[in-house]
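All chains are identified by letter, namely A, B, C and D, in their written order; residue positions are counted from 1 within each chain.
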Amino acid sequence: MKLHEFQAKQVLARAGVAIPEGRTATTPEEVEAAAIALGLPVVVKAQVHVGGRGKAGGVKLAKTAAEAKAHAMAILGMDIKGLTVRTIYVERAAKIAKELYLGITIDRDRRRAVVMLSTVGGMDIEEVAATQPGKIARSWPDPTLGLRAYAARALCFEAGVPEAQRDAVAGIARQLYDVFRATDAMTIEINPLFIQEDGTVVAGDAKLEVDDNAMYRQPELATYKEIAPDEEQEERAKALGFSYVQLDGTVGIIGNGAGLVMSTLDAVKNAGGSAANFLDVGGGAKESVVKAALEIVLANPRVKAIFINIFGGITRGDEVAKGILAVLRDTKPKVPLVIRLSGTEAEAGRALLEGAPLVSRTTMDEAAAEAVRLAT
Amino acid sequence: MSVLVGAHTRLLIQGLGREGAFHTARMIEYGTTVVGAAKPGKGGTVQDGLPLFNTVAQAVAATGANTSIIFVPAAGAADAILEALDAKIAVVVAITEGIAVHEMLTVTSMLERSASVLIGPNCPGLISPGTAKIGIMPAENFSKGPVGFVSRSGTLTYEIADLLTKAGLGQTTCIGIGGDPIIGLPTPDAVRYLNEDPETEVIVIVGEIGGSAEERAAEYMREFGKKPAVAFIAGRSAPAGKRMGHAGAIVSGNSGTAASKVAAFEAAGIPVATAPSEIPGLVKKALAGR
Amino acid sequence: MKLHEFQAKQVLARAGVAIPEGRTATTPEEVEAAAIALGLPVVVKAQVHVGGRGKAGGVKLAKTAAEAKAHAMAILGMDIKGLTVRTIYVERAAKIAKELYLGITIDRDRRRAVVMLSTVGGMDIEEVAATQPGKIARSWPDPTLGLRAYAARALCFEAGVPEAQRDAVAGIARQLYDVFRATDAMTIEINPLFIQEDGTVVAGDAKLEVDDNAMYRQPELATYKEIAPDEEQEERAKALGFSYVQLDGTVGIIGNGAGLVMSTLDAVKNAGGSAANFLDVGGGAKESVVKAALEIVLANPRVKAIFINIFGGITRGDEVAKGILAVLRDTKPKVPLVIRLSGTEAEAGRALLEGAPLVSRTTMDEAAAEAVRLAT
Amino acid sequence: MSVLVGAHTRLLIQGLGREGAFHTARMIEYGTTVVGAAKPGKGGTVQDGLPLFNTVAQAVAATGANTSIIFVPAAGAADAILEALDAKIAVVVAITEGIAVHEMLTVTSMLERSASVLIGPNCPGLISPGTAKIGIMPAENFSKGPVGFVSRSGTLTYEIADLLTKAGLGQTTCIGIGGDPIIGLPTPDAVRYLNEDPETEVIVIVGEIGGSAEERAAEYMREFGKKPAVAFIAGRSAPAGKRMGHAGAIVSGNSGTAASKVAAFEAAGIPVATAPSEIPGLVKKALAGR
């Protein structure tokens, strides 16, 4: 789950990280008033859950209140990568002398958090990693110890933080790490971290993404949850107990088990087609879940054929068949269905489907080929 | 000899709820020695013929349990793993899906200080066909034989085991290591067990997109491999930035791509199947070519 | 540093531990008003930094406001083990069904905190440990992991906490542990921990002692610091940079290094005498420190002779001699001084002291014997 | 052979302030190999002829330091120890007094996971007479010989070393383990090093009231002792409940009494001196009686 910049900054400020004074606004008039109250110049920033808003024109400097209002009029309602801007964050402009990067994410291989600090700030860190890998200092604190002062200091030395800001930056790194742990963050970033002309250090931007699996113990952050239009179907699927990812192709996919579904997508591609979605009904799916899954896939207008690939384990073939039959009875789908049932109760399932308007195949490869043929 | 699970296994159940009870019955049916269950507050009573204990430590003291399987819901599962580690359970298998990543960071830090092995979480468990199973896999797809098998996916494991079995290729041990980004026994470590197992004659490595465990496993086999291996990567056609069901199955930027994993295996001389159906043929070839 | 019950309870309440409603008061009238405001019955409790206040009459139940006032009149100004009661804590009386003990302290051997839980509450835990050792359940959490839920639960099972209160008590144990770490506590105790008739669990009393070496990072708790009359001299000595403990004997002791001073006390006892104090001037003491130390020892009217035992290392014999000479010159002590100087610059020191009104001896044993003889 | 300190020692200074610089000069004078100092922000410069480094890790990489001594003030000393452990310094000697107990709990937890040895804090350090010293003890009181010596006290160590030296009893290694309640190398562990040291012919154990490290050391020697030992306990006349200068020197209730420690040594057949002056005689007797 992603937080907006202003939300992430509130969390950081509470942990002691200095941030520029700022206010949220939802109308040009509020932006104008905020600019006057904060003192000029200000930065007017679109609050959307997506990177690259600066390049898209969603971040503007204003020297006057009228200018701030004008920017707000341009930015509010703007579409940035499919998301509509509804909230603006107005912030007193920092007097920037230097920009750093400070971020923490999960290093899967080391099974540790990795704290990254770079004097190349304001850029996408993956780009820095690709083009100037030596410019990123890294530290992997033991989660049971935390980021100790010596380790934060070592990061600053390695990154080449100016001596005058070393203690401040090391302190912010430790505060950021504490927030990272306390918020169950997957990623937390201050990019850029500004060194101002007067030598003080403030967070220029803030990014915070929280582990969805930890929301049960992050009740406050959970209230920040927003579902973007393109996530609605995935969220609806999640609520029904299965996982769904929208893709670009024409073959709708339903399967059980993430690995099997991924392989099903691959099989469709191997057969020359392309998948319209990823849909894993999970383990032990009952008739009703299969039905709901099928309905979601059918709702996608791009879908030209559907491939249902079930290897029964805990999931029973007969339950799957019943779900399919219910949909065939209730909604009479206009696209062809290809099914491959194997494993537990597969025979019972196939018996139930006997005579139904669908194509049955024995192997994944055959079924994929058939589905691709039907979708073309 | 089978790896991590076998006739020596004395299994304790952590979380004997509806799901736990269902699979416990299946495990006993299969021949696994189940010695009891930890169920706080029910210590001293019996359920489904199993003695219950308030704590894992008490259960270990009373039953000599050396292995545990965890069905505890996500919010309490990391704690259950830590309790098992604290009680010096040698092999801990966590079936639970959806454990918070930071909890798992804490768990793996403690794990590295312990002598225990953790399989999972978010995994189907492991099976030594014909001897014992610790997990939720449908046993009928597995059979005894010379193939050591490690996989990040659940259902795909059953599918591939079924393909192997139907091709007459039985298994020594199948280890479902789990689909989460932070797991107890990542691919290279699981492969190491199979590589060191004298009964395993060929290793099947089933990976998926996300992370670089497969690359590290390939590197390990390139350097230390004692036997042939065959690989498969699920998610070759998945786009970047999209989480494919498993919390760990995501290509982030340039990292975790199927292409990188396939290249790593090929560089290590390990053939990579483009579909599960190709695996039995590659395994036969590997066995023949030894 | 010890906290008062009401201060410790505030700290606990902030961490989420349930406490009975209560107020502090410093006059009988305030106690009466508090009793009425809180609702009767109330408990009127002396706030002094010493155990055993109950037995001394410092804790009384009041069924009426008038009774509360009367108790307050008796308790305020009361002397409990040398401490005068100046503050009272008035608390709504709990409806007690059962009393537990819950405490955490440092286990030196295991180098861990030890959490102790017992269903024998309300008693001194050392007494329980001595008479019913099986009645105390213990847990030693790894400081880098903390007291996890399973460990707190195991403690409750081992101690035999009633099932209805198990989760509550386990939760309080974890909160208490977090407070223990967060406050740099040496000891924290809830004794008794009440199970009330309605099944709820509240802290009946609270004890919290903070590590003096950690006060630099406990600024809030540092404001709670109170120096008891009998600690004043020890505190004054600490401020001057040396450590001083008042004892009961007649031979004043000054030495350098804690172990050496302890041995000096022992030597005095071996010679048939008894030490009036422990005083370690520390390493590298200068003339001024030696002078201040000597003045503190001389201020004790029980002192009949003084034994100065210096083994020079970083501490120099000539500096010690100069400090002694300064005192001899300025205050002309009425009690005899015995000195034993050894190690670095001992000869220079002895030369400086030549002719001064004091007795010099070569070994610790001889000097101790002489000091004891002179004190008798 | 000397224990923990010797000709192989390559010493790094952590905290080269006034006190640190003073003692560093003494250590170099004595023959200790000092390779540099960690002084954040001064990396690349030189002080007192020693190269300075920003971090311990950099210092280790550049100098091959295997030992460090810490003079850092109390508030930063635990962090300095952790930095040394992190940089895999083999022997860390913490002179600093007044480190918070909870910081030390964290330190010892990390220490138990490392391969390093920590001496102190609040200790004078250790010396291998005639070879090297890592500490603040006045070297002139020590001499080379067959006595292994461990002590919780500083000045008392110098006093007893002086008595031993004057009696012609030189020392293999003297380890001042420190007077704090939580220390890196408690008495039994220090005694174990001396017991295992082939050059040490007799062990002198100087304890004091507080804790039960002496009891555990006595128990260890009773079971594993390869050579005679002599003990002394400071604070026999100290009353209960009063902290005697050292943070660790306190009798709490019935625990930590001198009587208990004396009884433990006597039960292990280890004679206990009633005054430091008796120690040389007991040592001679022990050496003669072998």
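The rule is simple: a residue touches a chain if its C-beta (ideal position, glycine included) is under 8 Å from a C-beta of that chain, and two chains touch if they have at least 3 such contacts.
These numbers were taken from a predicted model, which means no experiment stands behind them.
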item	value
Selected pair, greater C-beta contact count between A-D and C-D	C-D
Length of the line joining the C-alpha centres of subunit A and subunit D, rounded to whole Å	54
Whole-Å separation of chain centres (CA-atom averages), subunit C against subunit D	28
Gap in Å, rounded to a whole number, between the CA centres of subunit D and subunit B	48
Residues of subunit B engaged with two or more neighbouring chains	106, 110
Overlap residues in subunit A, where contacts from two or more other chains coincide	142, 144-145
Chain contact graph, described as a line, ring, star, complete graph or other shape	other
Interchain contacts (touch definition) - all pairs	A-B, A-C, A-D, B-C, C-D
Footprint of subunit C on subunit B - complex, ascending	40-41, 43, 54-58, 76, 79-80, 82-83, 86, 106, 110
Residues of subunit A defined as touching subunit B within the complex	106, 108-109, 111-113, 126, 130, 142-144, 181, 184, 186, 211, 213-214, 216-217, 243, 245, 247-248, 255-263, 265-270, 274-275, 278, 280, 283, 311-315, 342-344, 363-365
Subunit D-facing residues of subunit A, complex	145, 148-151, 153-154, 157, 163, 166
Subunit A partner contacts - residues on subunit C that touch it in the complex	142, 144-145
Contacting residues of subunit D [partner subunit C, same complex]	74-75, 98-106, 108-110, 136-138, 141, 151-159, 162, 179, 181-182, 186, 206, 208-213, 216, 234-239, 242-249, 253-254, 274-277
